[in-house]
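Quick one: the structure is below, questions incoming.
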């Protein structure tokens, strides 16, 4: 009997916590499609707010995607070969390099942004273009790609596969193409999803680096929270959720797939 | 040897990008921090200057309170979820962890929806006690916001740690006559201690460096990230803001290094 | 034991040692000659340096200066593995999960630019040779351990290497499968006749597959020889104990006889010595009537192993003696028995390991 009480108590507690997290998200999604938040759902459903958001912020949303995919391209091109090299070389130098590229995770985005501004703020054209934001995103997301790929290398024993291909006469670039990359795919995929999700949602860095002409979705969100009415802000948040949640679900499915093997 | 040169080629793009866009700027930041009127002593301003010290203490207290509250909440919920199987369990877990990807701004908005002028809590309290409770823009709102983004992270870590617990230890304790509470106190919680330290350190570091949430809640609450922001953008006080952000960076890095020594893998703060 | 005509290259290792970057001395300077077509087995416990030696021959490790590796007299020391044209079977097989069985086998040929039709023909040949017909389209994770082993072998042999290198290819399999595949592997290696270097810690495998065996311990070569020589004439205590079962007896010699607590055992070739170390194999000891024997003791354990009985007899020497007796012999624990050993079965060993 006591056990049942404890179970019920813990369940209730957990439900309250879950409610705390979910209710506002649900409210926001509802508010985004409700005619009037003040009057609630009885006032009717509408896509007007969503349409308004699109009118105001379409360019911002588009730029977010451009930056996210550009970040992905750079992290793939620089991160995947580097992960291979770091894994195969091992040793102190590799570990040191790993440490260094992971540092951006320990340093607040604000600090990294300040640093970038102080160093490159003077290069007017660069500073005003979205490439400036891109550099911040790349630095921030790179460790996720590298670690994701290296994690797969560890489980697949990529070193022995590499030696096996070498014993059959394949040169280093050939091995990279035929054996390394195909077998790193799960890590590359997981890393890619992670990078895109992080880039789409990044605020701390981007807020400092943006200009009125280079705004991303989270910047737009902050704008709308500050200056737009609740329904518009909610509609914008709804759009963000719609973009992000499929990515999160995909990442979860990938992770589960790996776990069940 | 061809293999070695191929490996160096593989590392080159990453090294170049990191050097140019991280190492160099960070070095510049550290140097700028010492360029103010006080020179190198500017770095100690965070501890000496009363305004800065007050902000630092505020931030540390807030982060500390968040950490402790999150650990307690996450442990109760996490252990419960890991140890029991019931219909709807995976839905509950998904609900508790989906805010993981929310940027701080969105979390701020969530708190506004809960406790702002048109907030749900305000509505409910109005109906119950006739007074509208609005606290989103106070330190309690900020605290709630910090809880919002900490809980999902810490719950996942705790659940993973609970999963790795050796059930044999608990069974051994019970076979020796320990009551359920004693088993928790003497076997389970001590075994989870490393996970507590690791996830607590991450939660602390994240809360210390959180910017988006405080920004959205537009509080006059002074937390370190907001201070850095205002010093840089409004007061153009480059050296002070640089010194402060280096200080903040060092504190967060130390906390995360602490977390890593207890969990053995690199961890991230983001929010 | 081997084919009349050997194929492949002869291998010479000259003063090759290896110290790794972290300071581990994996291999002391060693020299070795392997004739073309010979199957040389590197045998020893883990950590003895056998895998390091194999990897040096393969080209995966570079020996410390002034070590040299020569194939058919040609210096290959600085040639990387990609260009040594060796066939290698790894302990974990290293089969490519992203390719089918056929593609795995044909990979080396693809690298060498062999056109598709010819490649397919060669793959079919090898599938036949290694008995894996029907598996060509499968993915690697759909194969059993024994099947993977054969694919690894087929892949290594497909490129017609001059030297075949096998790193504990049977270790990953369970005992019954290992014994069965050992015979198949032996037949295959004989049929191919290529110079083969085989690493294992299993001495039964070594004896069955090797033309010669290199017994290694702690980075050094302990003994090189044909299986018979290693078995009957070990040159050290380590080799004696590592190969087969051995009774090690330490005793003084007086008047051509070993003086033991359980009696006097005649020996060959030595009349007097203050202390010797000798090895006596269990199967060379016959159980006789205690009264008429030179050496006697008490049976403390009888283990019926199936094809023989393993007796443990104490009181003969300071340590119990293992005796292999016929499985039909009737003997009980506590019974006093005599041991008859031919003098030449007492093999004297040098004083140290």
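Residue numbering begins at 1 within each chain, and the chains themselves are lettered A, B and C in the order written.
FYI, a residue touches a chain if its C-beta (ideal position, glycine included) is under 8 Å from a C-beta of that chain, and two chains touch if they have at least 3 such contacts.
Since the model is a prediction, treat every value here as computed from it, not as a measurement.
Within the contact network of the assembly, the step distance from subunit A to subunit B comes to 1.
Here A is the chain whose Cα centre lies closest to the centre of all protein Cα atoms. We define each chain's centre as the mean of its Cα atoms; on that basis subunit A and subunit B are separated by 17 Å.
Averaging C-alpha coordinates per chain places the centre of subunit A 54 Å away from that of subunit C.
Within subunit C, residues 80, 82 each touch two or more of the remaining chains.
Within subunit A, the positions touching two or more other chains are listed as 166, 171.
Counting partner chains per residue, subunit B has residues 2-3 touching two or more of them. Residues 91, 156-157, 160-161, 163-171, 174, 178-179, 182-183, 185 of subunit A are the ones touching subunit C in the complex.
Of all residues in subunit B, those touching subunit A in their complex are 2-3, 6-11, 13-15, 17-18, 21-26, 28-29, 32, 73, 76-77, 80-81, 84, 92, 94-96, 98-106, 108-114, 118, 120, 147-148, 151-152, 205, 208-209, 211-212, 215-216, 218, 225, 228-229, 232, 238, 241-242, 245-246, 248-249, 252-253, 256-257, 266-271. In the complex of the two chains, the subunit C residues touching subunit A come out as 21, 58, 60, 80-83, 85-88, 90, 92, 94-98, 107-108, 111-112, 155-156, 159.
Taken together, the subunit A residues at the contact with subunit B in this complex read 7, 10-11, 13-15, 17-18, 20-25, 27-28, 31, 37-38, 74, 77-79, 81-82, 84-86, 88-89, 97-98, 100-112, 114-116, 118-120, 135-136, 138-139, 142-144, 146-147, 166, 171-173, 176, 197-198, 201-204, 207-208, 218, 221-222, 225-226, 230, 233-234, 237, 240, 244-245, 247-248, 252.
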